[in-house]
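Two complexes follow with chain A in common, the first pairing it with chain B and the second with chain C.
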Partner chain A sequence: MSRWRYFAKRVLLSIPVLVFGASITFLVIRAGPLDPVSAILGPQGDPQAYEAIERRLGLNQPLWQQYIDYMVRLFTFDLGQSWVVQPNTSVYELVLSYAPRTIWLGFWSVLIAIFIGIPLGFYAGLNPNTFSDYVASFGGIVWRAMPNFWLAVILMSVLSQSEKILFGFDWEAWLVPTIVTGPPPLPDPIWGLFTNPDQFLRALKKIAPAAIVLGSASMGNEMRIGRTAVLETINSNYIETAKAKGVPPRSLVWKHIFRNALIPLVPIITGEAFLLIGGSVLVETVFDISGIGFLFFQGITNGDMPLVGSLMFIFILLVVVINIVQDLLYTIIDPRVGYDGGN
Partner chain B sequence: MAQTERTETRSEQEPLLSVENLQTAFFTDKEVIRAVDGISFDIRRGETVGIVGESGSGKSVTARSIMGLVDTPGRILDGSSIRFDGEELTDKTEKEYRNIRGGDIAMVFQDPLTSLNPVYSVGNQIKEALRLHQGMKGAQATEEAIDLLEAVGIPDASRRVKEYPHEFSGGMRQRAVIAMALACDPELLICDEPTTALDVTIQAQILELLDDLQEKRDLAIMFITHDMGVIAETSDRVNVMYAGEVVESAPVEELFANPRHPYTQGLLKSIPGNQPDADRLETIEGDVPTPNEPATYCRFEPRCPKAFDDCTRVHPEGVEVNADADDHTAACLLYPEDESREEAVAVHDRRGNDEEVTNE
Partner chain C sequence: MSGVNDDADASLVERIRETPQPAMRWLAGALALFVLEAGAVVNAVTGLFGSPVDIPTLLSRDVIPNNGYQTPAGVWEETFLGLSAGQAWAFRVVLIYLYAFIVAWWVWRGYLVFRKHYRHADWTPRDDMVDRLRGHRWGQFGAIIVFMFVVMALFAPALGPTTVERTISDPYSYHVEYYEDGELQNTTVGQANLGSRSQGNPDRNVGPMQYDDFGRFHPFGTIPSGKDMFTFMAAGARVSLFIGLVSIGISGFIAAAFALLTAYYKGLVDLVVVITGDSIMSLPRLLFVMLLSVVLGGSWISSIYNGGFLLALIFAGTGWPFLWRSVRGPAFQVAEQEWIDAAKSFGQKPRVTMQKHMAPYILGYLLVYASMSLGGIIVAVAGLSFLGLGISPPTPEWGRAIDMGQAYVTTSSWHISFIPGVMIVLVVTAFNALGDGIRDAVDPQSEGGDTSTEATAGTGGGA
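Now for the complex of A and B:
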């Protein structure tokens, strides 16, 4: 089976996953205590208006009818309109205006984790049981152990009064003046970021604390796993064989060790991408970044059913896509991964 | 094997590899483990020298010492000498050593299933060796890799060269490893139990292959194993190791016909089928001790059926087993056998003291 047929098959197989995920979402939303009608009306609505709105939203229809409508809409990518958070605005529009901030946040938190966690882990693995290894490993454990809701609050309060705590270092005035909380100032056509370095710096500095918080656990994780992976590879027989062949240390590390140590890291990195979805809801709320996570949180607390359902559907879609990307990476890095299952 | 002719010319020929008083020790927090403790032997061109012994007797450490692959906390002690083709290897820098590894001395490891890198094709790994030592690249290297695979008896080599190790069977993988080792035309091939992980039919094929290659390329082979049968099959000369020391050294036929050291005798008796009328297989009781102090006694004494008082006091040195023995030494106080016991012990005592003096 060729690589492409394999992926066609994977995409096909992900459809039942989507259906299942969307169904569970429907069930959870309808079974939960969400009441969009009273959210729209406020606490003192009269029963008549209540019923009128219920009828307008289609909530008086039998549940199976609602379910079928919901599923058909999702799978034709008709995500509907928001009911409560921003009434009569299409979900697409909302996502388009909120998503860039989340993508900006997610991008940097994944990047920080990959470019600090993995090199640190590999360094520690290549120099096991040295002082620098202990420092890196211990740091990894501490970093890993700090829950992000806690770290978010601490970092926010430290940075917002940094001139009192950090010996006169004033974070808010450093390089470009920013305040700690609030959404990053992304320019309207987003590519303004790449043409204007000042804009870029401003947006980066603004997102940095949140990205560090969100990336912290992944960073610690990737550091630990990276260290273990390198240690395991370095002691394997083929490394000894390569040494006996006269391979110089540099190519030993980059050619022979690196690629093998990357194999266990692939699911860790992609797994972290899932965490970012859940984590961003939390971090965005603490840092007051109005991104997708914030929107989702608003949607849930206000009982905005179409918004929550559609966002969930997008999250599920993301997870499925990330999974397929992960399998693609596997087949590229590790030739032992077959396409035809078994063999 | 043309034993008699070889032994005649043996002493005249310059040895390719000459190991003299090799000591490799591992310095741990708790103790110093003398994994290889003062062994000496020679290997000549076209000759196979077997090293045999139980697990933990220092065979593999010997091989790694020659390859310069002893990792910390291990270290080759001062006073050790490994001469290869007239050059002293122990003084070489890491960089100089790399040219020898894979170039002049190649090594085949025990487990073919794990000694190839799983994420690169077999051809890629052979070509890496060619590039490192002969500067060969591209199509020329591929061509050479295919030739090498053919030389070790892999059919359909031009297709196989692109395949990954997991697509090869165990025997095929060991052939590929041997092809990789031969890539740069080494003069000495160190085989560290190359057939232990393979079943007997494949084992026989690999041994035959090594034999062929030796004949064609005039290879010197150092063959490490714990299998006496394999030793008998392959070697011209055998060194028996015990707890980091060579206890007996002899041409293979002589060793099997007249084993002198009690340990060698025990090893040969414990081969199934060697004592057809015995009810039970004879074994050597106990384990190899960990050599964690300089030997001032015989390390085999606790397990030796022929031990006597002096064995705990005098360290046996390798001596000719008797006056007319040709090239057969044993490190045991019972020898030289044509002298009285007291005199024999005195010989060992004197030799040991002399050595200490020269060492200091």
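Now for the complex of A and C:
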């Protein structure tokens, strides 16, 4: 099977997944015991207003009719409006105003995790069974098991009081003055970040603690898997051969070990997307960053079901796309991976 | 195998009848151990059908009381043997853990007795697995911590320095005695709790291993409302373990059933389950769990076990595809074996083939991933209650303790957030370590092999 046919098959297979995922969401939101109309009206709503809203939202129609409407709207990317959190605002508008902060957070949490986790893992793998290997491995294991929200609480408290605890090091005044909690100051046209280094630094410093926390689990994973990957590569025959041929150690490490050890890390890095989408709720709540996760949480707790349904659809779409990209990357990096199956 | 009965089909009972001594000796020991705690079992069983019957139990707070008061002369009254409250509590905890470890050791002895005297085969592949696990220090570390966690959950009412009813759910119906100004005073527990609050300033803080003004000992200090935190944590361990075990049990069962069915029938059945599983996996798990727990929060299921049962069902419903993914491969492998073909052409029923010839093979893998995802479920449950979802409020849950202590992390009441977090890290690491140990025992070649599934199983869906 050629790469393109494989790609077509993957896309085709993802359609039922998308439909099914959206259907499950519909089932939970509309067929569940939750009543969106009373969420809009509040506890004391009169029956007339109740019926009017019900009619306006199309909730008086039979369930199958609602289902068809819902699916058609989602798949034509008509994401509807928010009902409760910010009434009569389109979901697009909400996403556009909330998403940049989450993307900024997610970008740095992936990057920080990669730049700390992988080098540490490779270092541990290149020096197996030494003291530093044990320290790094054990650290990775513990780091991986730490609950995001707990780490966030501790880090937030320590940094906001840092001059008392960290021997006079004052995080909030360091480099550029910021406070620990709150959304990152992203400039209005977003490319202002790249033209103005001061703004860039400010936004980066603001997001750094949250990004480290959010990336913590993946960092531990990358470390562990990086270590095993290096160990496996070192012990393989072609490295033996290269050594015997007299390849200098430096190019042995960089050309032969490093590149091959990166292969098993691809699914881990793309898999981070799932962790980020889920974890962002907790981390954004603790650090008071009003991003997508926070918006979703607000939607859930306020019973704003259309918003929740549309956001869920966006998340599913993201996950499906990331999965396809991951499989494609895999076939490009490692041609030995079979096109059929994959799993 | 002592070679008394070489009939391979003889049942265990027949074999025991043949050479009764080792079995009887083991049984006597087991009975003696059971009698010590029989009261607790009777209490729990009768509690299911009405008012529980109280029988004196060795390891209970009635036999080893730690609630007492100190006279001005420094003598402790009403505590066990006149020890101080802290010492009496520590004595009881040590005894309980001693007892638990002896029971575990005795069960292990029982397995050895069975292996030596009553099993027909001299050797089975499982012996090798057990031997590999015996040499696996990291796995053993995990097993011990997990065991201690389970004991904490099982013996929660006896381990705490006080009980949940006394201090958390109904503090104004119980009384505490203490000396003040040379006189014996009596006040309600609720009133005393107001005086033992931990709210961040040094005057108003009861830290770990401290006594409060009422002569009550707090091994983990108190929470901001003045209630004993160790009692809170022990009861919370029970809730976490319950949710973890129930949800893993259900999702493991679904995963195993689907893995066997899809591997046996393949084709359309497989495709349908793949698409269903992929759809559920494409929903971001933690967010979907949140959504479900809010939507179903008002239904009758959420009243069972303070919402714990509902959470267990939700985690089972969203978690089975992950487990199924990880056993699907092994199930397909075993379905390709000749003995399955043989069983088919032999005319054996599909159900029997799956149960007898395929299930044992995937069970080990299931155990590995179950252990690894259990830690993740514990983290996720804590994350939900941190946000105020899931377990309904007065019921102790570790995540809520972290939430309560949020404002006090850098103050003298640091223990409120810190201790639950450390315990979660410890328990999750232990479950992962146990999973590693079982994996290396079941499948020694696989070291770090199937990494992507492991990575998703090993973390708490992003919590």
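Remarks
The criterion applied here is as follows: the second predicted complex is superposed on the first by the 330 of 343 C-alpha atoms of A that agree within 3 Å, B and C clash if a C-alpha of one lies under 4 Å from a C-alpha of the other, contacts with A are read in each partner's own complex, and residues count from 1 in each chain.
The working rule: contacts are C-beta pairs under 8 Å (C-beta built on N, C-alpha and C of every residue); 3 or more make two chains touch, one makes a residue touch a chain.
Computed from a prediction, not measured in an experiment: that's the story for all the values here.
Overlay on chain A: chain B and chain C fit together in the combined arrangement.
Looking at the superposition, the partner that touches the larger set of chain A residues, chain B or chain C, turns out to be C.
Angle at chain A between chain B and chain C, computed from CA centres in the superposed arrangement: 80 degrees, to the nearest 10.
With both structures placed on the common chain, the touch criterion links A:Ser236 to chain B but leaves chain C unconnected. By the touch criterion defined above, A:Ile333 lies against chain B but remains apart from chain C after alignment on the C-alpha atoms of chain A. By the touch criterion defined above, A:Lys245 reaches chain B but does not reach chain C. Using the contact criterion defined above for the overlaid structures, shared-chain residue A:His256 touches chain B, although it does not reach chain C.
The least CA distance from chain B to chain C in the superposed model is 16 Å.
Against chain A, the residues of chain C that register as touching in their complex are 275-276, 278-280, 282-288, 290-292, 294-296, 298-299, 325, 328-329, 375, 379, 382-383, 386-387, 399, 402, 405-406, 409-410, 417-418, 420-421, 424-425, 428-429, 432-433, 447-448, 451-452, 455-456, 458-463. By the touch criterion stated above, chain B contacts chain A in their complex at residues 67, 69, 98-103, 106-107, 109-111, 114-121, 128-129, 132-133, 164, 166, 177, 180-181. Those residues of chain A that touch chain B in the shared complex are 236-238, 240-248, 255-256, 259-260, 263, 333-336.
By the touch criterion given at the top, residues 13, 16-18, 20-21, 24-25, 28-29, 32-34, 141-142, 144-151, 153-154, 157-158, 160-161, 164-165, 217, 221, 224-225, 228, 232, 264, 267-268, 271, 274-282, 285-286, 293, 296-297, 300-301, 303, 308, 312, 315-316, 319-320, 323, 343 of chain A touch chain C in their complex.
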